[in-house]
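Both complexes shown next keep chain A, but they swap its partner, so chain B is in the first and chain C is in the second.
Take a look at the complex of A and B:
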């Protein structure tokens, strides 16, 4: 066995993306019109197959044991191949695969199905997987940029739409700025410690040199660059516009895969580079900073989300609020790193299935004539079209954190980690926030089942698509499986919660 | 103060002046020239760090290719002397700028304080071949092979993304109704308050906003043939 099997999740996605691009370039589909649209349905299937194959490879390597598949130190310190990486590979491939299934239905319905979208999804997922495996500032930055540039381009995919272009430009400018801050932070840290690999930075941080002003400023800048990507308040300004302007499959991808990749980076840096006793203590480390961001993110996002008139924008704010709950789990790492990481991993898996499903249901409720956007668009859809409404309800209930769905146990484990870490106040604020959150999720249910569209008003009609239905089925099975047998998946998350292969 | 120190500070000052003139200049050509000054100064800084190869690459790629490309684009679009002034959100912008300047000053003072007090970083002795093409290449293809290979994914996604965004312009005629509505309005109103009932108006397709079929056919004919 050599290193290729350990790297196989990455290799499958990378090679698959190149093959799909070739297939797209050489396909001669007569149904294709001049603008290059039409007949890319097979690509959606191809992209999904590639991503799920990669997830299957990750599962295989997990079961064989990543320490048995070859000398993983061959790629050290650039890439770290451990169970943490594999868990993220599976989560990211799942998110990317669901997004490409959604794209297969959405892009065709809305006449923007150009093959580049699938290449972008694959490369962006590749970047996110690189980010999850990164053990050095250089590979971390490469992964971050690969993921982000893919996301920028996907946001701008419907270029003729003013809102898509606006969201993409905001995202691009602010994202580049955040990347510059991150790089500047790592440059200062390199100046203070002489290391770019995270483990080396961590070793220096333990010694006296790790408390110099230069190192502290560098760490702060790196932290800002990272929380920008997870869209924590007050670095969230780009998120609602980008999420709303992007084609909905791209929104789903950003909400699940980009967020998961950013959290992988956050966990790695906080544990490897800033994981010593001084930096993880409440008095002299990052926990108060992350806790403040966490409270701000949860509260601001939930309050604003309740006031939205657009369901898509509400889901955008909801994904910011979920970043807040996740930051609660990150803060809980200060006492017990393994438990904090495990709760974040489980939450990300549950959140990926629920959010991708919710955006998918929103796609399914609209069609080319009229996309389902506002609450009024969904009025009475539960009676006219029960199946999409039922799916939407399941995912919203999961996002709200009501049993027996995945979202309930995800929140449960996060709050449990926080309480056992002694963060009672944070857990209480988180709980109050999830009650506020339930209001706007359930409001959608009220509109779907208890309202009728105003007389003479137009309403959205659901589209038909096998791809979207398949994505909803996969997400629904996962949401129920995680909700009914949570301990199995939590055990996997706990297994992934230690870095390295010790 | 040795000669190298003086040289480094001079380069840094020029770089700062160049960066400032990029931002401040009203004429885009002056901005491009400021960028050129910045790039040349950074190449000078690379020289002071014994990185001759990087300095050369900086000159060839950035000064030689990218700035020239910028100038071409500016010339093609026609340089306007004055950028239109925009007073919207002036308070927020001044506040944001001030806050950022304060934060920047804080960082600067912290860095200055530590560099004044702390012992200097142990600088590893540099072998004679450091910074040349040989040394650069051997690092790139041996110890740093993994990030070098991974950077190909970054370049690829950038190329595909550029194509995706450029081709997206042709789709104006195939927008859904809500999208056409947004396009037809003279400017997009505040997004926060935009949603209630916006789709109930009549659709008006402005001439300038939607690409005419002939235009689309012509542009795809060029690209696709």
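Take a look at the complex of A and C:
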């Protein structure tokens, strides 16, 4: 019973996903192949309810205290149930819930109103939560695959669109290539140490076997597989295409939940399996590799994002750039474990709210059945439709890192952790990059408020959807709450920054 | 056969798969290359399982030292996950073929910078 309470966030999403799939299969939906007339609206509500309930369960377990709900060692080492897991449960359910709210409006508008989408969101969120809890290479791989397979299918969801299929193909090929690298790496590590559980690998890494060539090659393959999944440059090639091709709610889901799941995996593996003094030193460990990736990711993604003409693709590159800032926090973790991890957790929460909101505003501003919105399409929208434009501005300001929004404090804590860890030059590069990044976010604002549409151009007419509006409201409240009382949430993140229940 | 030979074979398979994925442009061949890489991981897991005989938790003494089947069990899960992945992958390839009449990954070029 107690273990059921500790596992309740996972159980709620898993059982909810199965029930939702059943409900979808047995519902007689007359609008199946006709123009969407609201057949699956209930499913969007159902998926959102399941995910927010799961988040509420995670909050409850957090407040009761994981150590008080009973013996969680029954699922060890497969799943680790600690505050870190709970924090990710909340973040992932929030991201998934916002994505299903967005889907509730978007799928109808674009006439791909099919209920499978919500089941896919739930299963993919389940995979991401399992990934965040994984303490063994086996559960890690299963969680990763559950998450990724759902995301591949969601990317290809616009079946009549060649762009959607192409984005899904690229995502699938590179994603499964990365998974193959990751799992072969774990196989080699298993050969070198005899362990597949991360803590056991970590214990062996400290001993003599931790420096055998097989272990080093294995660790390298695992690292490459993981940075593929977090879309760090130069392993980012799939990300912009998959993000642009996917239906926008799926893009929001990938940018938010899939990325958070991947970072949970990265943190777990780096701390538990490769967290000893040798592997975390500058001379002989992973920090220089991660720091190089971090600089490359921030710089390349920011420069390319500034050159985009499609706002959706710009947001795709911006999400890669944010992976760069997050990697800065991961690098800081080496000198300054608690601060580094806490800053990454806080950043992920702030980034989830801002990004889901930005994609939601993009959905709202896109005119009927068109979705690749260019900067010109947004011209003048600030005057004609002030409310969606205001929401879009808030989320972009947060992504750019301007106070008093969540994004500002998220960046602040990351840079602070880096400086306290002695990584001055990395913090400076990060700061310069966030200034470069502000350019393309503010460019959207300039178009919305200061430009008039070209003569004769079609006006973008915001759609009306209760679901999208609800998603925007939730994200806006979160962005402001995280921006106005950041220390409260940072304390929660610091509480979540220790692994295990110690 | 000693473990080293299995390990070498699995390494060889992995490299063939990896090179195949990178140099070939036919999506189906790329899919097969990924399968080859995953099977190399399976082979490695099963082979290494032989060299890691540990006492099971709860059993005492060397007499009851049974092989822990971590690697072999892992391989079973891997096979199932691979099957699910390929099912989705082939569906995506079919969707692309219907729309573009091609299964070459270099001809899927609608999305660019």
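Convention: the second predicted complex is superposed on the first by the 487 of 502 C-alpha atoms of A that agree within 3 Å, B and C clash if a C-alpha of one lies under 4 Å from a C-alpha of the other, contacts with A are read in each partner's own complex, and residues count from 1 in each chain.
In the analysis below, contacts are C-beta pairs under 8 Å (C-beta built on N, C-alpha and C of every residue); 3 or more make two chains touch, one makes a residue touch a chain.
All figures in this text were calculated on a predicted structure; none of them were measured in a lab.
Student: Which partner chains sit in contact with A:169 here, chain B, chain C, both or neither? Use first/second/both/neither.
Tutor: second
Student: On the A-aligned overlay, A:137 touches which partner chain: chain B = first, chain C = second, or both, or neither?
Tutor: second
Student: Let me test your reading of the model: by the given contact rule, A:277 touches which partner, first (chain B), second (chain C), both or neither?
Tutor: neither
Student: Would you mind checking which one, chain B or chain C, touches more residues on chain A?
Tutor: Greater contact footprint in residues on chain A: B.
Student: By the touch definition at the top of the document, which applies to A:25: first (chain B), second (chain C), both, or neither?
Tutor: The answer is neither, since A:25 touches no partner chain.
Student: Is A:188 contacted by the first partner chain B, the second partner chain C, both or neither?
Tutor: Both partners, chain B and chain C.
Student: Of the partners chain B and chain C, which touch A:152 in the superposed model: first, second, both, neither?
Tutor: Both chain B and chain C are touched by A:152.
Student: Considering only the contact definition stated at the top, list the common interface residues of chain A for chain B and chain C.
Tutor: 138, 142, 145, 149, 152-153, 156, 159-163, 166, 168, 188, 191, 194, 240-241, 244
Student: Mind pulling up the chain C residues that touch chain A in the complex?
Tutor: Spelled out, the residues of chain C in touch with chain A are 7, 10, 14, 17-18, 21, 27, 30-31, 34, 37-38, 40-41, 44-45, 47-48, 51-52, 54, 70-71, 73-74, 77-78, 81, 84-85, 88-89, 91-93, 95-96, 99-100, 105, 108-111, 113.
Student: Which part of chain A faces chain B closely enough to touch in the complex?
Tutor: Within the complex, chain A contacts chain B at residues 14, 17-18, 21, 34-37, 75, 78-79, 110-112, 114, 116-117, 119-120, 123-124, 126-127, 130, 136, 138-139, 142-143, 145-146, 149-150, 152-154, 156-163, 166, 168, 188, 191-192, 194, 212-214, 216-217, 221, 240-241, 244, 309-310, 313, 368-371, 373-374, 457-458.
Student: Going by the contact rule set out above, which residues of chain A touch chain C in the complex?
Tutor: For this pair, the touching residues of chain A are 137-138, 141-142, 145, 148-149, 152-153, 156, 159-163, 165-170, 172-173, 176-177, 179-181, 183-184, 186-188, 190-191, 194, 196, 240-241, 244-245, 304, 307-308.
Student: Sort out for me which residues of chain B touch chain A in the complex.
Tutor: 106-107, 110-111, 113-115, 118, 121-122, 144, 146-147, 150-151, 153-154, 156-158, 160-172, 174-179, 182-183, 188, 191, 195-196, 199-200, 210-211, 216-217, 220-221, 224
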